[in-house]
Every structure is written in C-alpha cells, then in structure tokens.
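Both complexes below contain chain A, partnered by chain B and then by chain C.
The block that comes next holds the complex of A and B.
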C-alpha cells in the first residue's frame, strides 16, 4: 500500500530508495564515460608529448590545486554528514552541514576563478581569440595542453554549479521540513552526485597538476 | 557510527593528498613518482566510492553498475595505451 512518501508505482519506501539509487548510478556511469573520453584523449597526448606537457603543467599553481583538492574532499565529508543528519531527522544540524558544503563548493569555484584569471593575465588562455603566448618550447603543443586543461576543469566547474543548484534546492526543502522521508532520498542523490564530482577532481588534479610539480 | 568512519576516510584522503603532492615535488623525475601517484589517486577514488558513495553498504546490483562504469573507462584507457605502445 503506497503512502504519501512513496510513489504509487512502488510497493514500499525501500524499493523506491533502491530504484532511485540505481537510477543515479546509471546517470553517473554516463557522466563517467563523458569524462573518461577526455581523460583518454589527454593521456594519449601526454604520452606523445611527455616533455612539453610536463613543462606546460609547471605553469599551473600546485598550491592552489592542492588547496582546491583539500576543499573539495572536505565538502565530500560535509555532504555525507548532511545525509546522515537527515536520516537521523536532525534538521538544524543538516542545515548547518548543507551550508558548510555550499560554502566549500563556492570557495572551490572562487579559487578556480582566481587561478583562471591569473592564467589569463599570463596569456595562457587559448580560447575566444584571446592572445596565447607561451614562453617555453613547442607553444603549439603547449596550447593543446591548455585547451584540455580549460575544457576539463571548465566541465568540472559546470558540474559543481549544478551541484550547488541542487544544494540550494535541498536547503530550501530542509528549511521548510515537509515530508522528511522524501528529503532523505534527495539527500542520498545529491551526496552521490557530489562525491562523484570529487572523484573526477581527484583524477584531474593528478593528471594536470602533479605531473608538472 | 558512520560519521566516525567518514571522518577516518576524510583524514586518510588528506594524508594521501599530502603524500601525492610531496612525492610529486621531491621525486618529480622518478618513474616511482608516476607509479606512486597513480596508485595513490586510485586509492583516493576507491575510498570516496566505498565510504562516501557507500558501496560498502549497498546491494550487489548497485555495486555491479558502479564498478561496471569504472571498468569500461579502464578498458578504454588500457586498449588505447596498448595501441600506442605496440605500434
């Protein structure tokens, strides 16, 4: 028998929760293939132009990359704890943890924006007809590196912005506190999505920043 | 206590990040640096998958779907690199 918290086509809440989790994992698998294609293309170019790519990577800020990784890993913890707080029906704690996650997400984007601006000032932004001036060897190959850098980090930031939008919607729902069991399911979805975005960044950090350290 | 496990997972992730950066800075010319960074990054991704995405506490079907996605990307990378290195 369906209740208000369970959609009519599910037998019970547990079955619905399982279906929701399966749905988000299928979605994340398609996202993984999107980023997987980019990772593969980057690795192929890295193998073919190892020295130029390593030299180009030295123009990125390892400090800011590391700081952003720590920020995102911490936000992964806070979103996980948000989910736990909602399951325990602790509304105030959940609101605080959601706010902390959103703050950390904004901090990540702020640091990334600062980094992009710094690279733009160094004429290392090969998009939209902006003048690209690379001081090292083989600038045409280095331009490839920076193309991939902006595409991959840009796509990641787009995912972060989607995540922040989901967090904002979740925040409003938690403040209203209607149908708490539905909130649990939403929190699980958002926590899975956010953790996935964490994983993508960990790989990006390793591919882009660590190779030129 | 799941929050305790999550806290331990987070501390481990930060430790691995520190190791990754330290090795990249101090052993940058070594092949070992590349290998250790690769292993460390894989372990970090696995920790997020297992603890933050709760693969340790889910159904076999979900584990299959999640690991399937990573398996296909792994195969894509493996065969692409095999093509490059065996030409």
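The block that comes next holds the complex of A and C.
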C-alpha cells in the first residue's frame, strides 16, 4: 500500500514528503510577496496622507474587525488540533475539528460580508450606481483608503474561499478514511496555508482597523 | 527514415508515445521543454518582425513608413513579446526544463503536473497578448508606465496587462519546481558544491522568479483596476502616486534582468569548460558570484528612476548597489577567461556563441556602470545609449547564450547532429550583425538621440543606416539556425550519447534520453567539470 502513493519520479515516500513540504513553503513565500506589494503600496500612501487615512479608518467597525480577528485566530487553533487528531489517528475528533474550522471560516466571511453590506449602505462602497459619499475631510483621498481596504480584504477573502475548498476536500478524505496514515501530511499542508491566511488578516487588521483606534 | 530504423532504436522520450494527446498531456519535463521551445520561438520571430519594421522606419530621418501611433505600437509589441514571452522563459523553461532533472540524476521535476500547467498558463497569457495586438495594439511600451497607461492611453492596455499578469504565474510555477527539485531530488553523492554551475544559475533564477514575480502580478492587477475602475492609486488628483508604480514595477523588472542573464551565465560556464577541456576556474567564487548577483539584484531597482523625482539620497544608495553588482559580474567574466587559459580551446559552434557572449556581455556590463553613475545618467537617460546597453545584455548576452546552449545540448535533445559549418557561419553572422546593429546606437545615444521617436534629424542618419544594415545580418544569424536545426531534426547524423566528451550526468544517458532519463539511478562521487 505504502508504495502506491509515491509518484514514479520519487525514490521513496520520505523524499516525496520533503518535496511537497518545501513546495508549500515556497508557495507561501510567493503569496507573502503578493500581499507584500499591496502592503508596501498602502504604507507609502499612508505616510503621505496620515491624517486622512486615520480619519477614514474610524469609519470601519473596530468591533467587527476585532471579532473577526478572534474568530480567525480560534480557527487557527482548531486546524492545529485537527492535525494533532490525525496524527493520533482519531477520526471522529478530526471530523469535528475540521467542521469547527470550516464553521469559523464561514463565520468570518459572514461578518466580513455584513461589514461590506453596511459600508455599501453608507455609500462608502462605490459599486452598482452608488457614488462614493464621505462626510469627513478630503473625500477623494479617503476613497483611496477605502479602495485599498476593498482590494486587500477582497483578496484575503478569495484566499479564505480557497482555504474552505481545501477543508471540504480534506473533510471528504477523512470521512472516507482510506490510507489514514497519509492524511496527517495533507492536514499539515492545509494547516500551513490556513495559518498563513490568518497571519495576513492580522496584518490587515493592524494596517486598516487599528489606525482608527 | 524507414519504420525499420525506428524499430531498431531503443524507446526514447520523443517517440514514446508519439501522439497529439501524448504530447499535449505529457508530464515529461523533456517534452514540456520542447513545447516551450516551439512557443517561445514563435514569439521570438513575432517580436523580431516588429524589430525589423522599427529599424526600417528608422532607415530615414523623416517618419515616412508609419505614423507615430503605429510606431509606438510596434516598439511596445516588440518589447512586450520579447521580454515577457521570450527572454524570461527562454533558457529556464526550455534548456532548464530539459536539463535540471538530467543534471541531478532525477527522473523528472518534483511537480510534473504543475510543470505542464505552467505551459498552459504561458499559452493563455500569450493568447491575451496576441488578442491585445488584434484589438488594435498597445502603445505604452513594455513598462506600462503610469499615468499614461492608466489615464491617457487609448489602446488595449487591460488585455495586454492581463496577458503579462497571467504569464507571470507560469514563471512562478517553473521557479517553484526548480527550487524544490534542486533541494530534494539530487542523486546520491551530488552535494550542493558538486552541482554544475548551470544548476546554480537556474536555482538563483528560480529564487528571483518566486520572490519578485508576485509583486509584478499585484502591480499589474492595480493597473487594470486603476484603468477599469479609477481606484486612484497611481492618480495624483485622487491622492495616489504615479512614481509608486515605477517602484513596484522595477522591484520585479530589475531582478527580471537577472532572470534573463543568470541562466545565460550558467550555459556559458558549461560550454567554456567543455571546449577548453578545463574545469571552471574558481568554482566556489562562481557560485558565490551567482548568488550575490541574485541578492544584489533586489536592491538596485531605483537606478531606473534617477531622474524621475526620487530623492538624491535614495539615488546615491541605488547607484552604490548598482556599482556593487559589477563585482560578481567581473569575477565571472575573469573566471571564464581564466578557464580558457592553458586549456585546449576548440572553436566549435557552441564555443563561438559562448565567446560572443563574453565579448558582448562585457560591453553591456561596462556601459551599465556608465548608466549607474548618477551624473552621467542625467545625460544618457532615455537615449539610445540605454537601448544599446540593455540590448547588449539581453540580446548579446541572453539570446546568444540561449543559442549556444541550444547547439551544445541539441544532440542530447534530439539525438541528431547539426551542420557544424553552417552553425559556425550563423554564430559569426550573429556576432557581426549584432555589433553593427547596436554599437552605433551607443554613439547615437551619446550624441543625444532619444528612445522611442520615429523620426530624427539628418545628423543621425548615417549611424541609423548602419544600425538597420546590421539588423539584416543579425536576421540571417537567427534564420540560419532555424533552417539547419530543422533539417538536422529529420536528416541529421545520429549523435552518440556524449558527442562533445563533456562531463555531467546529462551526458551519461543515451541521446535522446529514455522517458525516465536513466536506465539506472546514477551516483556522483566527484566535483563538477572533471576535465583532464
């Protein structure tokens, strides 16, 4: 059985595991640079417009942002525990923890969607014939802040959706429980990705929300 | 070419199995290398035709062949196609794809399906870019500078930017594959410091690909959003900053120059050692030079913006680091020269290409130092001096080395030999044609001829005529290989496993190699370049 899941071009399962693990780390490095480009562009403009950006940030909901941070960090814990449960070969526990992680991920997106909807109602989200309307000073620069906010949180949610897809696939694999020994390796990869998306959110939270605090 | 012939030869990767499905859905790195080779050759000649038309326009002073709008679209097409669809994938995606697993004694790259995916992504990006041409062209130049690209240009910018955005992911996947493969799949005994320099060069290139390309992707995304929705990031009237684009763009695109030249340096190291029958002089120094070029490449991007309103202190630092890149480059050039010293040098076609590289790269590199000097750059910025400089590096350096490598490994890739006489003629035509085309451009630029103009005063005419004449010879240098290499593919003499008596694992398997590369997994117990 064990040799079946080693691809033909690898010498053994151990070599394949090392390659896959390094692959995911390299992939995360490229992801970091992808967000890094946005972060640095945002920081440059923030330095140029410190006051307007800080004032615009007060129009974001610090409470909902904090809530989402708590939700996402908790999901980081549950995915870690999922990995441990699979190491211990405990199927039911792993399914429960996976479901909890997916639930927390969905809750995060739900809260995020509610925030966007709220901003849409306040005419801070200029889509579908809504013109950007901002009560504070320098509205055109504030609009720049909000554009960054939508691009960065939007890209983050896209990554969350990919993560939820991975969790669903993992869930199916755990329920079927074929070759359970390989499942914990797969869980490690997904957990790494999920943790990365968590960390990106923490940076976004500090860059966007905490500025207004 | 009878069936008999095929039946007698052992199964190799080209014929096993020979079907459209077998090629389009292959995960064999050697076949994917060929798919890339065919695609980039197509783009190379497309970009080449644009270059020929540009040079024809510049044959005479007045702009009489095209109007200025068409001219802008021609040089943009030339730049976009040559940089993004030929130079960046050229050596890594073809020779690299073919050789990386062979050189380390592996059966394939770590992620064969990702490798195939990278070719499809490349093709999709190519379709978008060709679509932009069909939709009326782009006139921003290959750099897409804001605010022109975001606010003013009336051409198909979004389609072109999307094409380049997509193709970026193909190079990320190639880079990821090479890094993981080099780390985890080396044959027993093949330690890092026994790797051929071609491997080191591709490894360093891959690091740049995976770390710099995502920044370009997100920047191009911002351009498309800016143009489509007016988000204001590069628009000063909305609080944005057009220069921010240049910073983000060159953070990728300067390292991208090293994506083009480092693999070329790897190719030249292999060729020079083989045809001098000498180990590469100062192997460790060469490795450190490769890695430090990759590293310094990340901190010199500001030298593209000396006159763009960047602070003087930033300019000083960027200038300093740009000078610093000259040190490892000089180490490499001197070490190749030292490799030939007291070697038994033979002037076979690949060696002529490698020697051309040495000469042209040296001129390109030294003129780069002129441009890195703050005061001189004020005078030379945006002139033909810059055009000549980067063509010496990218065409004189990268393309010449690519052709040298293609000739050197051709017997391995096809199992056939090409006509040595014609290959030498082509290599010489390339060297002469290249210098005749681009050397006059240094003089033009120094005399004040700006880039990207389709007409010019009479005083520049002689040099422009010389340059256009050179293009004709250069075109022969590129068309000849297309002819005799295609001929060799079908009619060439059969090549032995190691026609050059070269070292390296890729020469220890048959030509062309079997599907899984080696009959028995090789072991290594000596340093690279064991030439006597």
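We adopt the following convention: the second predicted complex is superposed on the first by the 207 of 213 C-alpha atoms of A that agree within 3 Å, B and C clash if a C-alpha of one lies under 4 Å from a C-alpha of the other, contacts with A are read in each partner's own complex, and residues count from 1 in each chain.
Note that in this section a contact is a pair of C-beta atoms (placed from the backbone, for glycine too) under 8 Å apart; a residue touches a chain by one contact, two chains touch by 3 or more.
The shown structure was predicted, so the numbers you read here are calculated from the model rather than taken from an experiment.
Student: Taking the superposition on A as described, I'd like to know which of chain B and chain C A:70 touches: first, second, both or neither.
Tutor: Only chain B is touched by A:70; chain C is not.
Student: By the touch definition at the top of the document, which applies to A:23: first (chain B), second (chain C), both, or neither?
Tutor: A:23 contacts chain C only, not chain B.
Student: Of the partners chain B and chain C, which touch A:148 in the superposed model: first, second, both, neither?
Tutor: second
Student: With the two complexes superposed on chain A, say which partner A:158 touches: chain B (first), chain C (second), both, or neither.
Tutor: Neither: A:158 stays clear of chain B and chain C.
Student: Is A:47 touching the first partner chain B, the second partner chain C, both, or neither of them?
Tutor: In the superposition, A:47 touches chain B alone.
Student: Is A:36 contacted by the first partner chain B, the second partner chain C, both or neither?
Tutor: both
Student: Taking the stated contact definition, name every residue in chain A that is touched by chain B in one complex and by chain C in the other, in rising order.
Tutor: 18, 22, 26, 29, 33, 36-37, 40, 44, 48
Student: So in the complex, the part of chain B that touches chain A is made up of which residues?
Tutor: For chain B paired with chain A, touching residues are 2-3, 6-7, 9-10, 13-14, 17, 20-21, 24-25, 28, 34, 37-38, 41, 44-45, 48-49, 51-53, 58-59, 61-62, 65-66, 68-70, 72-73, 76-77, 80-81, 84.
Student: Touching chain B in the complex: which residues of chain A?
Tutor: 18, 21-22, 25-26, 28-29, 32-33, 36-37, 39-40, 43-44, 47-48, 62, 66, 69-70, 73-74, 76-77, 79-81, 84, 191-192, 195-196, 198-199, 202-203, 205-206, 209-211, 213
Student: Under the definition above, what is the set of chain C residues touching chain A in their complex?
Tutor: Listed in rising order, the residues of chain C that touch chain A are 106-112, 172, 176, 179-181, 183-185, 210-215, 217-219, 222, 225, 231-233, 237-241, 244, 247-248, 251, 516, 521.
Student: Hey, which residues of chain A end up touching chain C in the complex?
Tutor: Where chain A meets chain C, its residues are 7-11, 15, 18-19, 22-23, 26-27, 29-31, 33-38, 40-41, 44-45, 48-49, 52, 138, 140-141, 143-144, 147-148, 151.
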